[in-house]
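Next, two complexes with chain A in common: one pairs it with chain B, the other with chain C.
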Partner chain A sequence: MTHHFILRVITKLLIPLILLFALYVQFHGDFGPGGGFQAGVIIAAALVLYALVFGLNTASAVIKEWVLLVLIPLGVLIYAGVGVASLLLGGNYLDYNVLAHDPVHGQHLGILLVELGVGMTVAAVLTTIFFAFAGRGHRDANGNLLPHSALSDEIRNRKDGQP
Partner chain B sequence: MSTLIDILLLSLMGITALAAVRMKSLFGAVMLTGIFSLLSALWFLILDAVDVSFTEAAVGAGISTVLMLGTLSLTKSEEKTSNHSQIIPLFVVFVTGGVLIYGTLDMPDFADPLAPIHTHVAPHYIEKSGAEIGVPNIVTSVLASYRGFDTLGEVTVIFTAGVGVLLLLGIGRRREDGDE
Partner chain C sequence: MMFFVTVIALFPAMFLALGRAIVGPTLYDRVLAVNSFGTFTVLMIAVLGFMTDQTDFVDIALTYALINFIGTIAVLKFFVVGDFGYEEQRDQ
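Take a look at the complex of A and B:
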């Protein structure tokens, strides 16, 4: 596992910055460009980069697959739940004005929660799709990941024409 | 200057697309599609669509390239040479391209203030967003609040895509073996 020494070091340096940027995009989306979807894909990109360089086994130790499977519906539920909450508080579905005493505060709260839901689902879905693709052929009968080399090594070591 | 950048970017995109089509090595083709996505992210940036640019850079250049690489690690990485006639595909491509170009003829000019899209609800969003939503970024207020239903639908689409992939490929425990 001593391949790609430079890649490993640079990745370790980059991933915190990528995650920080994702959080900035997520929570600063009201003020600057970005929002839940963008933040979600950036988080997923960071996780995919980690899995590419350090292997799927290490990555699935960082973020367990069941966590992803919980986050996927949770994001949608948060979004839809904000709608239900505004219904219960006497407004229309997804009418954030009623969420707080002041309509503008309600809008802020609603947008924050909704974007959080979007970010969760997007990040989890994209990471899951990658895990599902990259884990093909590397799982035992129970679906647990078998130890194998990182995708980058696999592509590099493969001779052309030999699957 | 900006016209020069436009011409440069668009011609680079054209060259990349042609190279990706002609490339026999699928690994190279995947890399070229990644480069194409990065170039189109730059292009969106020039069109002031920063949000779309973000997404294109992360999804198009990043994740989908990696997904295609993941697929390549399961299949052959050399394109099969086809013996079929290339006239019919060429015909289909030219007809589709022609129809698409014909479709753009009816579109309003770029940045035309009288275009229908700018005269329907957009003025309301631009004038009232500050007072009604209080969020400086109008894109966010439109996406998350005015058009909240649409965004809920989009999240549901992504959710469905994730569920679909999980059902087809699956991660975690599988129960079809009957050992549960």
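Take a look at the complex of A and C:
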């Protein structure tokens, strides 16, 4: 038996659908509402839901914090790299037309890469903010997350507190 | 016309939920009221989308439903446990 059985089952059921919807928003952004920022927020929402239900330690085992800290600049680098690539190919900064032989294909490729970078950065930043916010009191002096058994009594006793 | 009637019918329900969120004697009344208000908002977005023939609104309604669920979980966890990162332990 575990605590909150229904919540755990529903969460496990819901997270793949949330991630699928995030991918839909990401790649359908050319034709409807959506795009990189919104998709990143939805991916971060899935990770936040996982961390809320299964705890911060489990969530940081799913996605390591150093991975998030790599993803943040990597997304910005992809965005800026597309701009520099179009500069080097003879266009203006972020001029997608020169990225492929056909300007229409260039536009598709450019917006896809740029939105990918935006999505990565936004998802990683929002998840990092949540981890930093929820991890207060859960870290040792070096900033590493403490295992549950090592948490201070104050935090572990909060569970018994009545609202 | 049918969608318009639905929008009109949703308003009293939303105001009742809002009233319960303000009056609600306990925390759980307020959480439930805010959750139902969010559900009504999802319905409202979907109905308004179909009324104005903008079917893209269904995407927004879906997103709102997901965020509403996660927000409710977060509020409940914060008030019951007092800590967002707390890890539930298995019963012995």
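Everything that follows uses one rule, which is that the second predicted complex is superposed on the first by the 146 of 163 C-alpha atoms of A that agree within 3 Å, B and C clash if a C-alpha of one lies under 4 Å from a C-alpha of the other, contacts with A are read in each partner's own complex, and residues count from 1 in each chain.
Note that in this section contacts are C-beta pairs under 8 Å (C-beta built on N, C-alpha and C of every residue); 3 or more make two chains touch, one makes a residue touch a chain.
The model shown is predicted, which means the values in this text are computed figures rather than measured ones.
Enquirer: Quick one: classify A:Gly137 as touching chain B (first), chain C (second), both or neither.
Expert: A:Gly137 sits against chain B and chain C alike.
Enquirer: Name the contact category of A:Leu14: first (chain B only), second (chain C only), both, or neither.
Expert: A:Leu14: touches chain C, not chain B.
Enquirer: One more residue to check, A:Phe5. First (chain B), second (chain C), both or neither?
Expert: neither
Enquirer: Which of the two partners, first being chain B and second being chain C, lies in contact with A:Phe54: first, second, both, or neither?
Expert: After superposition on chain A, A:Phe54 lies in contact with chain C alone.
Enquirer: Could you look at A:Gln38 and tell me whether it touches chain B, chain C, both or neither (first, second, both, neither)?
Expert: A:Gln38: touches chain B and chain C.
Enquirer: Which partner does A:Leu94 contact after superposing on A: first (chain B), second (chain C), both, neither?
Expert: A:Leu94 sits against chain B, while chain C stays out of touch.
Enquirer: Quick check on the output: what are the common chain A residues between the chain B footprint and the chain C footprint?
Expert: The overlap between the chain B and chain C interfaces on chain A comprises residues 25, 32-34, 38, 42, 45, 48-49, 52, 130, 133-135, 137, 155, 158, 161, 163.
Enquirer: In the complex, go through chain A and note every residue touching chain B.
Expert: 25, 29-38, 41-42, 44-45, 48-49, 52, 65-66, 68-69, 72-73, 75-76, 79-80, 83, 93-94, 96, 103-104, 107-108, 110-111, 114-115, 117-118, 121-122, 124-126, 128-137, 141-144, 151, 154-155, 158, 160-163
Enquirer: Sort out for me which residues of chain A touch chain C in the complex.
Expert: The touching residues are 1-4, 7, 14, 18, 21, 25, 32-34, 38, 42, 45, 48-49, 51-58, 130, 133-135, 137-138, 148, 155, 158-159, 161, 163.
Enquirer: Spell out the part of chain B that touches chain A in their complex, as residue ranges.
Expert: Residue list for chain B touching chain A: 25, 27, 50-51, 54-55, 58-59, 62-63, 66-67, 69-78, 132-137, 139-141, 143-145, 148-149, 151-152, 154-156, 158-159, 161-163, 165-166, 169-174, 177, 179.
Enquirer: Within their complex, state which residues of chain C touch chain A.
Expert: 27, 56, 59-60, 62-63, 66-67, 69-70, 73-74, 77, 79-91
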